[in-house]
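Read from first to last, the chains carry the letters A, B, C, D, E and F; within each, the first residue is number 1.
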């Protein structure tokens, strides 16, 4: 009986371990047999699991974000591993588990990343801009520490929003060293605020898993919500109206194309750059994930998030020593 | 009688000076009066000039890239200055002029920028890639020193292609410090080669002014031409076929959208980044020019190159000390 | 010497009368002759006028919104009448003119139309919605009385915005009699507020002529501005947040397509209807104007505002007695 | 044993009742077990039913539009009710059933709605137009009484076409009271005829259920077919050619966009209005159905017919007394 | 004094000759001088001509399709020849001119081409199809002999429609020799009828010059008109309804794309081929004209009719003996 | 026990025969039963087959391109025949089978078609063009004899590429008889070379079945690959650069639209024609296949390859004697 992590499972393994339920569906076969279909995660990966002859009437209901203890066996079918459940129970207080140990998270601690953001706010020299940004960030600190950047797209992990922002800030600093006429205050502030209203657009659990969009998120969207947040905050802190307006414009235009949600295209260079930093970071994240399991000299499957492209993992290597991304901070 | 530069002309000035002819047209009014319509440049700007009652039959022809000496007066009409020509003659050897002193140029010397490119080639660690790039750059050094990056779009100045490449290399280096898994060899090589075939797509004078596209440029375009150049060079220097193939793919995909000339979208992260560095540099260049003469708190006219957007010159200033772009190198 | 109105001018007439300057340009011919090119209006129409050998240096400047007295003659060229100016002067206080008598206006008095809006506000039964709407309308009464609905498109006349709103309210009432499950409170409120921020998007003179967009209008647009106005007002009057949110959603979605400025499509039936009432009223206005001078059985020229369509004026008549539009109120 | 209507079924019910078969498929499970999969309707709703171990060789075939008597039990799986069939037989003459009692129908009787159309024809004052319309309507009365407006889209119920037309006529009358210069004769005639050829485009049973498109419907479509019908009828009744032509143009342009089947856009105001009345009625119908089962303050699923939008059911209510739609006539 | 043809004019020539007026405009310069601006044609080409100080009040009006006698001189400006008119008069009966000698015409005589069409009709074996086609062709013989295929596009010359049809028939015969399963009867009939209603869509003079579209042409278009013509004719001659329907479908679908006027795409192979033969013939015609005056190894200007492409005239020649197109018949 | 061909199978047949495996998948039912799902072909058609209770662990693996002997029974379910496998084994050398007898092939022998191509090369009069083409064709003869024209689209059969080329050559010859100014050398060469790099874009087995795209095929595509092949070959054989360039341009532009892979549109008439011959041949092939099993007077299902159109099989027949396609050569 093993307590391996998901990443290490092999066909034939007998497993006894805790998992977090990421999705649960009660299904029936075409011959009317009912079963429970689970997606289980631990921090190393995810696996599909099935419990046969399950009945919702006689047995407990398993739902998203629950911790469960499972005994079962791993088999392979069509190149994919599957967990056949023999026994399942919900975790209890006696198990003394920290649910946070089971969810996919950003590679840095939220506190470190939040500190990074504060560092960049400290670099903003225009007092009005600094006030708007620091007020908003502080007011939403709790959610910022946990929220992913999306429900399903890029950076959809716990603290993914912070991870997205901090990487973009790093890039923003670099870009401003090359294009020296850029107003760094606007650029840093725009980066920090561009997706701030995602915390108002989506409902996320404390695990950083989004269950649904809010009513206001559906009816207005995070771009409009963000503009209103900036507008109100600027009035409250008595900031220069033009500073507020420019930040609102940056949020409004950062998706660039009307069909992606931006009714106005960038009209200042900082808004233009904000857009490209945003899209580059999303692409690097999605490409990194898509290529994770591809072997050198081979193609990934088509990736829906990347315009349905296949990606290629080159076997042409540089001898440059690979720096771990966590050397970033 | 003044020898002011164009940038300093004022209505009422009497002018006697040398200019470079950037465009010359022989026109007739609706009442059948013929005149010569010139666009004149010096390194500080350009101005429209008119010579009335000009006849192509009795007087010399004035054409593009000619140096001329002109005496005339400046008047203003509808907010624009105009030069009314009283006397005009072509410059002669006795005038001892260097035509290069009259054209708009990149802000750095071609030699310095060429040296920058060599520096980055020196940083490429993969020998196959380095060989391909250095061979191609050396083979086309003469044209590279002079060519603009375009006939009319961004970086359409003498040595504009070098300027575009070197700025992108600077950015490429920065980006690879944030996204550390990028293969810098491919990225630097892709940046250097992405527009290399512009020298085969366009005919430019030694002044870096493009007169027309070549026949092959029209029928194939610089993307296809660049792929063939890389392919042939790689075979000649005996480089690894995959290295060659990836560079070709980067050139092929760098316009990103089929309707902009890329039949394939980027399939490796380095190609993705190449595209965004290319477009960001073009945008920063075009936005910089569009905002040059706009006052704080005002909008530019609609800029055709920027999807017909107006740009806004913010009056929200950072106190960050402005670094001159020439601190770049 | 005649004092005819523009609508009645004929070739050969000698004219002496007052006009409002709608546009003024100082032009030069290709042979360097300067002249003044004016667009003159009175409430019956507009005409092009030319003053030859005009010099900005020795003569007064004529600009938009000025009242002028002109003596001249009417000639016809290529089917269009033109006024050749012999004498021109600006109107003085002694002329005792009311500039308002010279601009194209909506067919009803602003006060009557404003009263109509108040009547419909009175029909709103939901107190929260009524409060939001009445507060906003009252706060902006002064501008509402004068503003056109656009700079150049449909309803670009003084009080055109009121005219647009009141006609739509009439239609909204009718529609709610057929589709009885529509929430009339939302529909009336949405109609009244959908373009309310046009008064913040454009700068209009007291004549209802728009000179330019405001900075915020350019950077955000009236849809976003309107949402913020509703949001703030709702907070101030302590209205139900969902009522406020739905009105914001109606404003956000009323252009329907992202490329026309609506990042969200209507998600409630009242927003759907709002869109169609808006577009129908614009189309009826533009079609009416385009067909004004077309004879029965003939086509108009292509109308740019109507997707470059030609319109046809049918000669198939109903015997239904024609009701003047002013029976509307 | 219950004889409840479908709308009232609950899990655990034992059912014995008559139903109309709306769809029947003979399926096999992946393990090769054959079963019968039925969609059953009564006027209150529809339900999926399954008969296990069914064999087409030994048992009767069940097909669309058949009346069947079924005994079985209701169970719930994944929030949906399902009928497990124990016994099934086709209804016989002895059962004395009226199949018409089992299909979804428009909310008004066909005769009443047909009478409405006649009333509006009576309001057409232009004799030529009246003749064309009345001749066509009378000639196709039988099918008009039964046909739906579509196979699957809006108004796909028995007499749905009549329902669509009469609601639009009501709206047409209202619109002409606001936009008084509209030619009501053309508008009423256009409304009545715009979809008239749907009866030639589709084959519908006497239950108003469309089984397929006709060959001519596939090769030409109802817009072209409608134009030919008007053209021929106008010739037969000796109507004014221009009246006929305008009605043909209204039919041709009523889908507005080429990609939706209209090669010409509306060129007369009445055709413009016809288009908007058509689309508004479709939208109100589809939105009404989509929101039917949604609770206040919640969203519907994405609705494919409505550009894949979710709809929101507002909880902001007006106190206006709700008028039943049947007060329409 | 010369009587050269237009094709042979050179700068400096003094000209005295007859021309056909293809376009006439009365213009005024910006300094208020009026002149007459003519486009003159003879069968060899066209030239712009100007008559200065022309007054419509004291001199005769010159209009389209008039024959005029002109004396004047040829000058060159900006690479284009221009005719300065010294004397002009309208041709009189005494001049004994045949206007037909002055218009651009198809390269074969209308009678020969009409005979070709009759030959192909004779090859149609299906009696119903043959009857429909021969009836329609005979009924419209007079116009067919003269009409161009378009107002401005391809084959816009006298008898251009016949020329277009006969070339396509030739191609249709060839294609059916390769794709032997094609129904030649449908293909030949579809070719002959696809544009037949152009004679009802446009008003052309007996010179084959189109002055305008008919009202029905504007409101319905030749595709719809053609369908109605086939429908009516088929009924009159008692033809098989499916034969008629398929021909209508071919006409309906021959523009292929909705945005080019075809609401249905081809559903039979013969309709598919019809489309490609139509477009190939148009392209060969337009490309031929665009390349007419281009020298080997050079590009044409951008051709609006060809998606704004430039065309290249290759200098790579085959030694194949050039066959004159008139060997076609 | 029968040895019928697939085309002749009927429900109830007991079958014992050899087949080629075109696709093999190991599947599991929702109740965890594993089975083998095969697509079997012989030259007359294909059929789905299932082997129940199959285990990859105890039984041999069956894969694409394997020959197998099967005993089983035919049943019908939902209008489709299915083969239930009782016994299966791989064919052995003793079975003495020629795998080539089992694959779908072009209707002519590869040698005959290759000979056709050589015949047309012989008709090319320009020596440079002839050299380029003959060199390339000879160099790739082996693959040309076998390759299909696509993985799944038109001409996806063994030797399909040759079949596609030879039919187009036939058409090219015909077209050049009508449009006599076309350069036949370019046209024939362009036809032969337009898809030549498909042999480098795809990996095909000796059966002409494509398993996948090559790395270079994915990263560059056959259009770019073809251009490079022509470029290199032209240099090797010392051909005229313009001849080489024009052939490259024809390959580059033959997909016509950027979104289909052609960054440049045709700029010479021969390239324009090449495109249309290519698309017509693809359409005739796909339409022929789609209509194969449709009865007269009925529609096919929607065909994805043909813009999701249904096709109609007309019952209007010509009495023209049907010529078998094999009379082509």
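Just a few scattered comments:
We adopt the following convention: a contact is a pair of C-beta atoms (placed from the backbone, for glycine too) under 8 Å apart; a residue touches a chain by one contact, two chains touch by 3 or more.
Here the structure is a predicted model, which means the values were calculated and not measured.
Looking at the partners of chain E and chain F together, the chains they share are B, D.
When the contact pairs of D-E are matched by residue number against B-F, E-F or A-F, more than half turn up again in B-F. Chain B and chain F touch with mostly matching residues; of the residue numbers seen at this interface, over half occur in both copies. Computed centre separation for the pair chain B/chain E is 45 angstrom, with centres defined by C-alpha atoms. The mean-CA centres of chain C and chain D are about 41 angstrom from one another, to the nearest whole unit. Spacing of chain A relative to chain C, judged by their CA centroids, is 47 angstrom.
Each chain gets one centre point, the mean of its Cα atoms, and the points for chain C and chain F are 62 Å apart. Along chain E, residues 27, 29-31, 215, 218-219, 242, 246, 249, 267, 297, 299, 310, 312 each make contact with two or more other chains. Chain pairs that touch one another: A-B, A-C, A-D, A-F, B-C, B-E, B-F, C-D, C-E, D-E, D-F, E-F. Taken together, the chain C residues at the contact with chain D in this complex read 125-126, 128-129, 167, 170-171, 174-175, 177-181, 183-186, 240, 242-243, 246, 265-269, 272-273, 276, 279-280, 283-284, 287-288, 291, 297, 299, 307, 309-320, 322-325, 327-328. For chain F in complex with chain B, the residues that touch the partner chain are 215-216, 218-221, 223-224, 227-228, 231-232, 242, 245-246, 248-249, 252, 258-264, 267.
Across the interface of their complex, chain D is touched by residues 25-32, 34, 215, 218-219 of chain A. Touching chain F in their complex are the following residues of chain A: 27, 29-31, 33, 35, 52, 77-78, 297, 299, 310, 312.
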